[in-house]
Structure formats: structure tokens, C-alpha cells
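The structures considered in this document are given below.
Two complexes follow with chain A in common, the first pairing it with chain B and the second with chain C.
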Partner chain A sequence: MSGTFVGMPAFPKAAHEAVGNQTLRANLRHATHTIRAKRANAVAEVSDWAELREAGKRIKDHTLRHLDRYLVQLEESVTAAGGIVHWAADADEANRIVADLVKETGESEVVKVKSMATQEIGLNEALEAEGIRAYETDLAELIVQLGKDRPSHILVPAIHRNRGEIRDIFTREMSEWGRPAPEGLTDTPAELADAARLHLREKFLRAKVGVSGANFMVAETGTLVVVESEGNGRMCLTLPETLISVVGIEKIVPTWRDLEVFLQTLPRSSTAERMNPYTSTWTGTTDGDGPGTFHLVLLDNGRTDTLADEVGRQALRCIRCSACLNVCPVYERAGGHAYGSVYPGPIGAILSPQLRGTASEIDASLPYASSLCGACYEVCPVAIDIPEVLVHLRERVVQGGPVTREGNKVVLKPAKGHGAERAAMRAARWAFDRPGALRAGQRLASRTRRLHPRTLPGPGKAWSATRDLPAVPAEPFRDWWQRTNGGTTDEGTAK
Partner chain B sequence: MSSRERILGRVRRALADVPQDDTPYGEAVARDYLREHGARSTEETVELLAENLADYRAVVHRCGADELPSVLARLLTERKAATVLVPPGLDEAWLAEADAARVADRMESGAHELDRVDSVVTACAVAVAETGTIVLDGGPDQGRRRITLVPDHHICVVRVPEQVVSSVPQALERLDPARPLTWISGPSATSDIELDRVEGVHGPRTLEVILVG
Partner chain C sequence: MRVALFLTCVNDTLYPETGRAVVKLLTRLGVEVDFPMAQTCCGQAHYNTGYRHEAEPLARHFSDVFGEYEAIVTPSGSCGAMVRELYPRMGERARAEGRGDTLAATLAPVVPKTYELTEFLVDVLGVTDVGAYYPHTVTYHPTCHGLRGLGLGERPRRLLQAVEGLELVELPGADECCGFGGTFALKNADVSAAMGTDKVRNAESTGAEVLCAADNSCLMHIGGTMTRLETGMRPVHIAEILASTEEEPAS
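Moving on to the complex of A and B:
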């Protein structure tokens, strides 16, 4: 996976720096607390949440357990509907396929729907190197792109920026990329959104090639689904003549009916809405409506390696709702950039080291970027037991053992020179240096299943034999959460 | 070896632990979640649709079938719409009283042409009460996906109660996945700037829904 942020320090160092950034912390706290409270309401509205969550988990698990069959079925149905399917084993191959497809059209620019998969493979940079300009069209991605910045949240990538910063970025950078920002632009969100509307409309209307990801792919029918709010997705999916979708192989659901589960759980978990403003589905091509040519690039890039790990494979159930980010006390303080990958927060802490392996210092440190409080598991709409995978990956990093890399079984050596353990200790020290984070971690632990024993079970036993696990404090997690409003006494932001 | 074979091979090796007789799809998922949330009369379901549409800042109107032409004419006048885009199969009688010049949804009409149109009027395929969603399926009275996207003002006519369902599961049952579908819940919106909700950015900034029946 080439999505490592180049030169990114390991988590503890990056987090340390982020914690010192007051603007970032204030923006993040406001944002995560607002979404968190709204999500709880949206979830409370449906009385069968537990059943929907269980169904979502089982659909995804079943699909993953038979992924070969569903991939072949998907390929057949997409092809039958007029689409063209490509397979990409890694980031380089996916980028090459997309670049070649764009070149075949004779175009040198593309409009893009926000997509984690294309960020993961570094598509924009790869296209740039081939002389193709990729325009991000999601407002937040536009802010990130114009600011020569990196996304810091799955759903609201510019969550770390406030309105004043955004105004300055627009005023300074828009003219470089196309229509300049209007004279005298103020920092009201409505005016900023309007500036983005005018700037991007010019691009949509002339675009010949669109690039997207997808939230779901239906094996039975060959249908792709994109869930969004702004309408930039619809623009990119319907106005261009050619559409190229790059989608991770884990995004399959078996049948059309399965969407009834995820179209209920995804919006409520992510933007805390009953339904997001726009959902588009398309099956191959339709005469006279939308792109005449449709390419689907199926992306592996570490997913099959993740699939090979019986504990870790559950990370592939993720529907990228970002609920786990918004409840994570570590994410709230450290910010998304500290995770050094396009997948920040708790899901990033288990997904990135699996997709990329734990060879680098940042990846080896990611399984420690958590207080194991369990809040991420509680909110996850597909019930990924993130704490379980974190503990599993920690053992892997420290003890070594069999893993699959690029399809081959290899035996991971115990962390060389205890580098990973050093990273772990630095992560711990980081937490101990920050009373707020430590307090949160300790108190949250009181109610979690996994930290009650003083030693770890199974292969972790040896590791924990010489180390004390944190003592469990008396106050239960829920009480603490209620009393302090999730780690802060500031009541003002939640609504 | 092609990448297709390589990836499929990796998947199969990764799943070596999964037994041949693993639980089949039909039994793997308990569908014990609800088909709809709560019991409502037909009229209450329509009420809920109206409420949830309004909650997401769509402007909702209700009228009888005979009043539809005058309501449409009034909404277009209020909007000062000089041009209105109509899909090929839209009932002509609907716009009989409207002054705005009709623009046909032609194959050749490019995006720039659509951008100059003031308003668009369409029917819908189904509406979901619990979520406040209208779904368009590209049928002759709804037109291509782009016509409800580029103009800034969309008026959608929903026939009640026959086009209204309670829930997302019921909506999916009625829809044909082979057709391109657009699910719309309120106008285009963004919360990307400090999570303040702003209508617009790209899709129509005003969505009006007329519940007819």
C-alpha cells in the first residue's frame, strides 16, 4: 500500500505534535462531539438497531468467507450489464490501469468523487505524474486539495480546518486551479460553499472522465452504490462520458436485498441522518442516461492478506461510516494526521497495519494508538471488535508469527531490536504525559471486557507475565461518559 | 498469471479455514429486523413522509389531482422561472396552466444547456416515509439523472398514497436494480465547514415536493 504519508513520524510523535496544536484540537473536539450526540439520536430512532447491526455483520462475514465466488459473480453481472472489469493486485497496478484508461479517452483531466480507495493508492499523484490532473469535487476534499493538505477524517476530511482558514485557502489557491474565489469572500459557510459551487461547476460541465469509488457492489445484479450529500458524486457519476470506479474487493454484498440493511445503518452511523441527501445506484451502462463507458477496477492492495488473518479479517467488514473516529478519545486528541494513513482513528489502527504490514515504525505503532476502551466497538454498525484486533496485532508485532504478505505466507520476526515495543512504550509515555488522555483511557477501561484480567490470555500470556496491565478504576464507563460528556466537561458543543 | 487469477488464488488460500459446507447464504443472515418501524394508517404514513421531507428542508405541498396544474403554475411563478425542463413522459396536463417555456429533455442537450434552465418538474418512482426520501428510476416521467441535478430548482410530484412506502426495505422491493436510481432526501447539503449545514453546493438548492391525492 503506497498510501503512507511520506516522512510521517510514528504515531506517538505525530500525536504528541498534534496535541500541541490548539486550533486542531478545538476544531476536532467540536466536530466529534457534535456528530457523536446526533448519531446517538439517529440510532435511537430505530428500535431494531441491534438486529440491523447483527444482520450487517453476518452479511459481510458471509461475503468475506466466500469472496472468491462473489467476486466472480460480480464480474459476470457487471460485464453482462455493459461494464468492463479490471483486476488490480496492488496500488501501482490500479494506478496504471486508471491512467491508461484516461489516456485512451484522449483527456488530460478527470473529476473525482471522494473515495478512500483512490486515496489509499495515491491515485491523484500517480495521475499527475502521467500529466493528468485530478480534481477533487467533494467540498472537504477540495479544501484539502487546495490547501496542499492531507485529509484527517474519513467523512469530513477537512474537519481540522475552521472557516477562517478555509476562506484564506480559497482566496489564495482557487485561481491556480480554475475559477478564482469571488472578491471580498467572507468566512460564512454559505458564502464559502457558494464559492466552491461556482469553482467546481465549471469543471463538472466540461468533464469527460469521472473517477469514483463505491460504498457497495451487488454481486447478484452488478449494481454499484454511492452514498453522498453534496451532489458532486451525482455530477461525476452522470455527466462524464467515461466513468472509472476503483473499489476494494471487500465492498461486495451478495444481493440487492442486502442493501436494505446498509442503507439504514450507514447514514445513521456516519452523518447521523435518517438518510443522506443523495444515493446513486447504477448497473453497467444505460443508453442515453449517464456515461456510455463504465470501467470497474477491483482492488486488492493488501485486502487478501488481511483476509488470511482469521482474527483480523473482520476489519474488512468496515463500511467506512467513521462512527468509531467520533467516539475515540485518542482520535479526538491526536487528530487524523497522526495515524499516518488515509484510514485514521480506531479503524485505521487495525486496517492500515494489516493492509500495509507492520514493517514500518508507524505501522508497528498503530495497534498501540488506542486506550482499548471499547467505545469504537459499541458504535460500529457492523460490530467489528476493534479492541480484539488491536490486542491481536500487538501480539503479532511484539511476538512475531505467521502472516501473509502479498499472498505469501511469511513468518514475522519478533519486532527487531524491540523497535515496536519501544514504539509501544513511547505511546504509553505519550498517554501518561497527557493526564486528560490517560484519565480517559483508565476510566473507560473500567467497563470493558478485555482489560479485567491482569494477564493476557493465550499467546499474550508470556508478554503480560512481566508487565502489569492497568488497574481497573471503580467508576463505570457509562457513568463517566454521562458525567463528563465524553471526556470534556464542555456541554456547549453537543446538540 | 493474470492479476485476476492472482487475486482469486490469494482469496482462496486466505480462506483455507472456511469449510466446504459453510452455512449457505440463505441461512447465514437472520432477517429479524423490522420491515417497517411502527404501525401507521395510510394517511399517517403520508403525514410522516411530509414531516420527514420538511425536516430535511424540502418544501412540501399537498393538493388534489385537479389542483395540481394550478399549484405547479403558482410555484413556477413564485420562483420567477422563465424556463422549465420536462421529461418526455410527463403528463402534459400537469403544466397546462404554467407560463414558463417548456424545455424538452433531449439527448443532445448538453450540461451547459441544463445549467441555464430555471426549474425542472418530474414525477417519482417511490417515496419512503420513514426517511423522507423520494426515489427516481429514470422512467419516462422522471427523465435522465442529470435533469434533476444541474438545474437549481426541482419540483417532484408524488402520487399519494400509492407511491408511498414506509421503509427502506419496502422501497427496495419495489425498485428495479437494472435501472439507474437516484434517492433524494432533502436538497443537496454539506456540513464540511465546521459542521454547519449549508444547502446546495452542487445539486438543486431548492427541492419542492407536491404530494398529490
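Moving on to the complex of A and C:
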């Protein structure tokens, strides 16, 4: 994934900063709670939501099970329609393919449709290194790009910014990238949108090359689909002479008919809209209409390895709606940057450690960035059991086990730094396996209860820093039960 | 009817009053309660922290202890969800790892017989008015595993609404996690504390004297935050409210 995230600290450390940032907390709280309520209303309007969710899950699972077949079918359909298909095993290969394709056109700038896949591979930075400038045209991506920032949300990458901050970024940075912000720009949404419109229109009309991702690819016809709210995507998809689409291999659906399900569940889950304002579809090339050259770069970058994991593979059902981010209490407080990836929130916590592996500090900590409250699973429109995958990946971190890496089966060793925890878990298991040992421990705790400290040492310190510890009772339940014969005799107090 | 009380290791060690309340309540409702002394822990902390293999012997032990009973009642949505939701999954995983059906077969008998307390009262005994008296203002926090794992729904609220003298006030953001999450509270202490603080502030805004829930682990986290923030509110397990009567009122 993007080089900008290399060397991120573990999640708890990154989250520590965010928890203390009151502006960020307020921005995130306001944004997530607003969209949360809207989504709930939009979903409640649909009488067969549960069936749609199940259908989406089944279509995705079926496609993933036969991914090899549908990918070949897609390649044939795209080629037959006049497109050119490229296969990229990883981020480097995908970036090299795109850079070479742009260079072949003789151009040195491209306009971009908002795309998670190109964020994932760090395409903008890779193109920059080749002397090609990439202009983000989605409003939120533009704010992030101008602010030299990183996205913090899948759908609303600038969710962590408020209007005042955006006005300041536009005023300060727009002139560096093209048309400057209008004089005396205020922070009203209409003025900010207008400033962005003027700035971007120049880019749309000038650019000869467009770069996009896709929300879906239809295997039977070779059609790509982008859904969006602003219309900037459609400008990029139709005006340039050359269009290059970089898409993860899991984005396939078998038929046009399958789209029906997702075109209902995606907008309601993501923007709480009944239908997204712009649905653009394109199939290869058509003379005199749209780009004359169309390239499709099919991106693996860890997806086949993820598919090999029978519990974790369900993460590949994800349609990037970001409903899980908006309901997640951890995301709300920690912010998107703490997840160290373009995929933040609950889905990021299960996707990043699978696509990238669990070797780095941040990736090993992500499966723990959840209280397992289950709100993410409840809202997921393709029923990804995120808590299940989180626990599965925790197991991978602390116990190691078999995984697939670059197509090869390897056995991971347990991650470092969990030795004390592992020992404690083993000791607890030992005691719990022997009721007598548990009882002895309880009695010791009760008898020494007046000596217990108010604060804890070691890993428990974090607990007692903000919360009072419960007092240990004079008598554990099982002693009371025995002493009173199940509460039927003497109810006196413990000795 | 004779049932086994699965109190949970946390309640047994730290919250014996909840256990005594369950015994009092069920006995009052004509249920014969047994407490198998060999019981220990369901293995949830192990499982959820990533030590599934350490949780397996504990799950087997649970089945050995409780397998013969007609029904198993637990005053914990979290531990109840462990048995009902995750024991079958542990069996499936063992099978997928080529270890056969032994674990699944061992655990299967206890799964459908395990009930969280409010579920047992409403679904099995068919009561919502348990004859309780509790003259306090109460707000109810539905804990995540009870709410989303077991799907307790309105059962706890219906039980509370039927309690004489009790005024139930709605908790803003009730369905949001309190931030305990087992080892999450230790591993992500800052985020956990921020979530706990918001939960307590929401509870405070109701003006209730008592915050009630069906899980003492969450109440330990919320209660510890309450005393630190000096709110004057107190956490009480739902069993203690339901066990309270005019003759023997709970505080």
C-alpha cells in the first residue's frame, strides 16, 4: 500500500494523539453521528433490506469462489469491446503499468476519479516520481491533496476537516495547483464548492488522460461502473482521450442483473441516498463517444492471498460503502489516520493486515483496534462478520499459523511482544481448568483485599489511570453457596 | 424446573451479590437452582484475545460441568453469547483444521440450553412481571454481546418496566459500546476511556440514580468511570433489581 504509511506506530499510540485532539473529535463525532442517523432512515425505508443484504453476500461469495473463471470472462469481454487488459500482481507493477501508459500518450498530467485502489498502491506518488502530475477531482480528495494530508475515511477522505480548515487550505494552496481560490472566500458550503468547481473545470477541459477505479466490473459484458455524487467522475471518464482504470480483482459481478442489488445497498449504506446521483458505466471504447483508448489494470496486491484464507476472505466482499466506519465507536474517537492505511475503521482493521501481512507494528495492532461491539457487522450491507475476522487475525498475531503469501503457503511464527500475555493466558487457562486452583486464588484475593492497591502496575496501569478498580468482596459466591447450602441456611456474613 | 446457574468467573470472584440475587429471584419464581461447584470460566477472554486453543479446554470443561442439566442460566450476555455463538464456531474451526467432529460434538449439547437471565425469564418461564419492587430512577444500558450477539432486544426493558416503583428513563446513545471490550480496555486504554466517559456523561444527562445492565464486566468499567468522574450514580446488575422486593429491598 501507499508508502506514506510506512513506519506508522501501533494503533494505540496513533490513537492517543487523536483522542486528545478536541477539534478532530468534534468534527468526527458530528459527521459520523449525522450520517449514522441518515443511513438508518434510508435503510429502514426498504422493506426487503435483510434479503438484499443476503443477496449481496451470496453474489459476492459466489463470484469469489469462481473468481478465476469470471476474471477470464471479464478479460475476454473487455478485449472484445475494444479495451486493453493488464494484470498487476502488486502495487509496484500496477504503478509501472500506469506510468508507462501515461508516458506513451506523451502527456505529463492526469485527472483522477476518486479511487481507493489507486490510493492503496500510492499511484499519485509513483506518477510524481515519473514526472507526471495527478489531479484529484473529487471534492474531498482535492481537500486532502491540497492540504498535503492523508485520507481518513473511505467515502469522505476529509471527514476530519471542518469548513474553516477547508477555506484556509483552498486560500493557501489552490494557486500552487492551478486556478487560485476567489478573493475573500468564506466558509459557506456553496462558496467552497464553487471555488472547487472553477479550479477543477480547467483541469477537466485540459487533461488528455483520465485515471479511475471502479465500483463494479460486469464479467458478461466487460462493463465498468462508477457511482458518485458530484459528477466530477463522469467528467474524467468521458472528456479525456485515454482512460486508465485500476481495479481490484474482487470487484467483479457476474452479470448486469447482479448490479441491481448493489445499486440499492451501496448508496443507502454509504451516503444514505436512495440512489446515487451519478452512475457511469462504460464498455470498452466507442467511436466518437468518450475516450478512444481504454486500459483496465486488474490489481491483485494481496487479494489472492486473502482469498486463500477461509475465515478472512469475507473481507473481499467489501463494496467500500464505509457504513462500518460511521458506526464504529473506536473510529469515532481514534480518527482514520490512526489505522495507518487508506482503509481505516473496522474494514481497514481486517483488510490491511490481510493485504499487507501482520509483520509491521501497525498491522499487528490493527486486529485489536476494536471492542468487538459488533455494530460494524450489523450495518454491513454484504454481511461481513468483521468481529469474527478480527478475532481470527488476533489469533494469527499471537499464535501464528498457516497463511498464503504471494501464492505460497507459509507458517507464521507468533508475533513478538506477546510473551507475557501468552504466559498469563496459559496460567489462567491452567487455573480455570482446575476449580480448586480458581477457588484458592479467589480466597487469597478475598483475604488480602484490604491490602490491594488502588492502582495497578504494568499493563493494568492504563485501567486504573481513568477508572476505579472494583473492591474484592469478603467472600466469593461459591464460598457463600457452600456455607449457606445454596442460600437455604444461615445467611450470616462471611468470617 | 431445575436449572444450573453459570455465574461466570468474574461474578463469582468480584460480584457475588449478583449470584445471590439470581438465586433469590429464580427461587422466588419456583425454579430449583443448582450451582455446580466445578464450574470456572467459559474461555471468552482467551478466545477474543486470540488464544482459541487455550479456550478449547475451558469450553470442554464447561460442557463436562453443565452438559447434564435441562437449562443453564447465566447473568451475563457476554458469557452467554460465548457459549451460544462462539462454541459452535470453535467446533467448526477444529473441523476445518482437520481435527474431526470431536470438539463440536462435545460442545453441541450445552449450546441450545444456555440462556442469559432475562432471556430465560421471558422466553422459558414466560414472565415479565417478576414481582419486584425497586423505588429508584433507572437507565438501562444494553451491552453489546447481549444486544447484538444474543439479540436480547426489548426483554430487559420489559422486565424493568414491570418493576413496581421503578422509573425507567431512556439512555441517549444506549446502543453504543461502553468501551470495555475485555482486553480492549487494556490494549487500547485511551480509546476505551474516552468511550467510557461518553457513556457515563450520557447516563448522567438522564438524571437517573442507577445505571443498570445485564453484564457486570461492562458495569465494572462504567462504574469505575462513574466514581472517578464523581457522578453520584451507581451501577447495578439487572438481577439485583429484579430480585429486590418490598420486604427485602436492594439498595
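As a convention for this text, the second predicted complex is superposed on the first by the 411 of 495 C-alpha atoms of A that agree within 3 Å, B and C clash if a C-alpha of one lies under 4 Å from a C-alpha of the other, contacts with A are read in each partner's own complex, and residues count from 1 in each chain.
Keep in mind that, in the parts below, contacts are C-beta pairs under 8 Å (C-beta built on N, C-alpha and C of every residue); 3 or more make two chains touch, one makes a residue touch a chain.
Note that this is a predicted model, so its numbers are computed, not measured.
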Handout entry: Between chain B and chain C, more extensive residue contact with chain A
Key = B
Exercise for the section: Scan A:P329 for contacts with chain B and chain C and give back first, second, both or neither. Expected result: second
Exercise for the section: Check the residue A:E310 against both partner chains and state whether it touches chain B (first), chain C (second), both, or neither. Expected result: both
Practice task
In the overlay, answer first, second, both or neither for which of chain B and chain C A:V410 touches.
Solution key: neither
Exercise for the section: Applying the touch criterion given at the start, work out whether A:E388 contacts chain B, chain C, both or neither, answering first, second, both or neither. Expected result: second
Practice task
Using the touch definition from the top, say if A:T238 reaches chain B (first), chain C (second), both or neither.
Solution key: first
Exercise for the section: Quick one: classify A:A44 as touching chain B (first), chain C (second), both or neither. Expected result: neither
Exercise for the section: Examine A:A80 and indicate which partner it touches, taking first as chain B and second as chain C; both and neither are also allowed. Expected result: neither
Handout entry: Which superposed partner A:A26 touches (first chain B, second chain C, both, neither)
Key = neither
Practice task
Take the contacts of chain A with chain B and those with chain C, and give the residues found in both.
Solution key: 310
Exercise for the section: Report the residues of chain A in contact with chain C in the complex, numbered from low to high. Expected result: 11-12, 15-16, 19-20, 25, 310-311, 329-330, 333-334, 367-375, 377-378, 388, 391, 393-399, 421-422, 425-426, 428-429, 431-435, 438, 442, 445, 459-460, 462-463, 465-470, 472-473, 475-478, 480-482, 486-487
Exercise for the section: Report the residues of chain C in contact with chain A in the complex, numbered from low to high. Expected result: 7, 9, 11-17, 19-20, 23-24, 27, 33-35, 37-41, 43, 45-55, 57-58, 61, 89, 93, 96, 144-145, 147-149, 175-177, 179-197, 220-221, 223-225, 227-228
Practice task
Write out the stretch or stretches of chain B touching chain A in their complex.
Solution key: 2-4, 6-15, 17-18, 22-23, 25, 28-34, 37, 52, 56, 107, 110-112, 115, 128, 130-133, 138, 144-146, 149-150, 168-169, 172-173, 177-196, 198, 200-204
Practice task
Provide the residue numbers of chain A that touch chain B in the complex, in ascending order.
Solution key: 27, 30-31, 34-35, 45-48, 51-52, 54-55, 58-59, 61-62, 65-68, 71-72, 81, 87-89, 93, 137-140, 143, 156, 158, 162-163, 166, 189-190, 192-194, 196-197, 200-201, 204-205, 218, 221, 223, 229-232, 234-235, 237-239, 249, 254-261, 263-264, 271, 273-283, 286, 288-290, 298, 300, 304-305, 307-308, 310, 313, 404, 407
